[in-house]
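See the structures that follow.
Next come two complexes built around subunit A: one with subunit B, the other with subunit C.
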Partner chain A sequence: MAINTEKLAHLLQEFVTVTADVQGAALVTPDGLPLASSLPGPMDEERVSAMSAAMLSLGERICKELARGIIDRIFVDGNEGYGILTSCGEDAVLLVLANRAAKQGVLMLEIKRALESIKPMLA
Partner chain B sequence: MALHPHEFMSKMVDRVCLTDADRNMLSSNATWGLQIAPEMADFFYAYMGRDAEMNAILHATEGRIHRLHETFIKWFHEMFVGIDNWGNNYADCRWHIGLIHVRIGIGPQHVVPAMATVIREVGNRCKQDQKSEELREALSKICMIDLAFIEQAYIEVSSNAVLQETGWTEGLFRRLITTGANAL
Partner chain C sequence: MEIMRLVVAGTVGAGKSTFIRTISEIEAVDTDKAATDETALLKKKTTVAFDFGRLAFGPEMALHLYGTPGQARFDFMWDILIRKAHAYILLVAANRPSEFRYARQILQFMKQRVRIPMIVGLTHMDCLEAWDLETIKISLRQLEGKGHPPIITVDARDEASVAEALITLMQLLMQTREAAENSMNSP
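On to the complex of A and B.
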């Protein structure tokens, strides 16, 4: 079944719009190519995609090397907000950007739900 | 980012237009090549040795400079004889030399200008020994191919090390280089 990129883009757009304190999201391939995104204005989709894939891949490598098992997510905690990278099966990486006001528990739960919706679309 | 030496050789032969005439010119002057090789090795290592960092590398272990000197003579002569008519064995040999350069720490930034010195000196010897311009041209071409192997070895080894340590795919690595370069 072909991947419906329009539907993916719509799903991400909706996720960003309805989830409190989420500022952007992107779905990228492990090779760093964008699949769909809804990012804040000045962000370069190509660059964000490459960096996201690089970071998750490096995280997986660190987990393996340091005997930490299978990676669940990478959490970037900056003074302006959060960046969460989560593996979305073998074929994609989900990046979510949120501001400092975001409640981390809620955010993780929302990401988990978003992943449940995205994964079947990539299968 | 596995480089295939045979394909790379073939690509470089096409790129620099190494012709049968060039091959004939080189092989018919192989004796002369061997004769001038020690002198060229002197020029090469004298140039390299002027750089303090390179000089330290060249003398890092006992006897290294002597071995390198001998290797240079062999390498220089092989450019004239072509090993197997500048075929797969030649390519494997040049790739191996490239990898040794990486291992020792002699980078393209050192080898390229040093090689330019050798080419210049070969040109002088050509005139002195009344050799043709075609010979100098043929030698320049094969030298370019050999240098390409050395440069490529550096890129390959560096890239492979990054890929191995990060788990990145080749595609992702290339993309990072592109996006990074665009941002410079």
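On to the complex of A and C.
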């Protein structure tokens, strides 16, 4: 079945709008191409996609070579907010950008839920 | 032990990862992912962060080799890697002349950021569609000013050939260093 990109984009948009303190999200291929995104204005989708893929691939490599098992997520903690990268099955990577006010527990739970609804759409 | 950081840049499918894998004394670190763009027509997997390899260069020097991704969407990685590099080699596949322009763009990107020794390595010279060395030289130099980078041919799969390319680059690096030292010492 073909991937419904419109539905994917809509789902991400809804995730960003509905989830408190989430500012943006992007779903990208492991080789760094955009699948769908809902990002803050000045951010370039292509660039964000490539960076997400590069970062997750390095995280995977660290997990493998430094015997940390299978990667769950990469968590970037900045003084203005968070960037969280999660693998979304074999064919996609999910990036979520949240502001500093976000509660980490809630954020992780929301991401987990979003992944659950995205994964079947990519299958 | 002095560490020299060398960057292996170049067009998609030129052989950057192979180059590092061929010569590295440690098992090269790669960040290969299945290719889903036009790269997939050339090869199954593509580098998305960087490759890393290491080798001893004489008793007191170690070379750290960093391979970049080929696609321009990863140019932030080019930027990160080139800023810390001592020298670099730009690999260009001789059998895909349509990408020579892109190779020049990569070169421009690097030149805007660093002034370090570099050479051009032509790969895939044994392929049927490969242009001959002289024609490529003319083609690649068209838009270049004075101080052309040396252009060599290299087979990224062949250890001796890769070693030769690295020696050429290191010689250039040493010459540049000596020249800089001499000019500093002269009154």
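FYI, the second predicted complex is superposed on the first by the 123 of 123 C-alpha atoms of A that agree within 3 Å, B and C clash if a C-alpha of one lies under 4 Å from a C-alpha of the other, contacts with A are read in each partner's own complex, and residues count from 1 in each chain.
By our rule, a contact is a pair of C-beta atoms (placed from the backbone, for glycine too) under 8 Å apart; a residue touches a chain by one contact, two chains touch by 3 or more.
None of the values given here were measured: they were computed from a predicted structure.
Steric overlap between subunit B and subunit C is present once the structures are superposed on subunit A.
By the touch criterion stated above, A:88 is placed in contact with neither subunit B nor subunit C. Residue contacts after overlaying the shared chain place A:30 against subunit B and subunit C alike. After overlaying the two complexes on the shared chain, residue contacts for A:58 are found with subunit B and with subunit C alike.
Of the two partner chains placed by the overlay, subunit B and subunit C both lie in contact with A:46. Common to the subunit B and subunit C interfaces on subunit A are residues 30-33, 46-47, 49-51, 53-54, 57-58, 61. Looking at the complex, you find that subunit A touches subunit C at residues 29-33, 46-47, 49-51, 53-55, 57-58, 61, 65. Contacts from subunit C toward subunit A in the complex involve residues 29, 31, 33-37, 39, 46, 48-49, 69, 71, 73-74, 76-77. Across the complex, subunit B meets subunit A through its residues 165-169, 171-172, 175-176, 179, 183. Interface residues of subunit A facing subunit B in the complex, by the touch rule stated above, are 30-33, 44, 46-47, 49-51, 53-54, 57-58, 60-61, 64.
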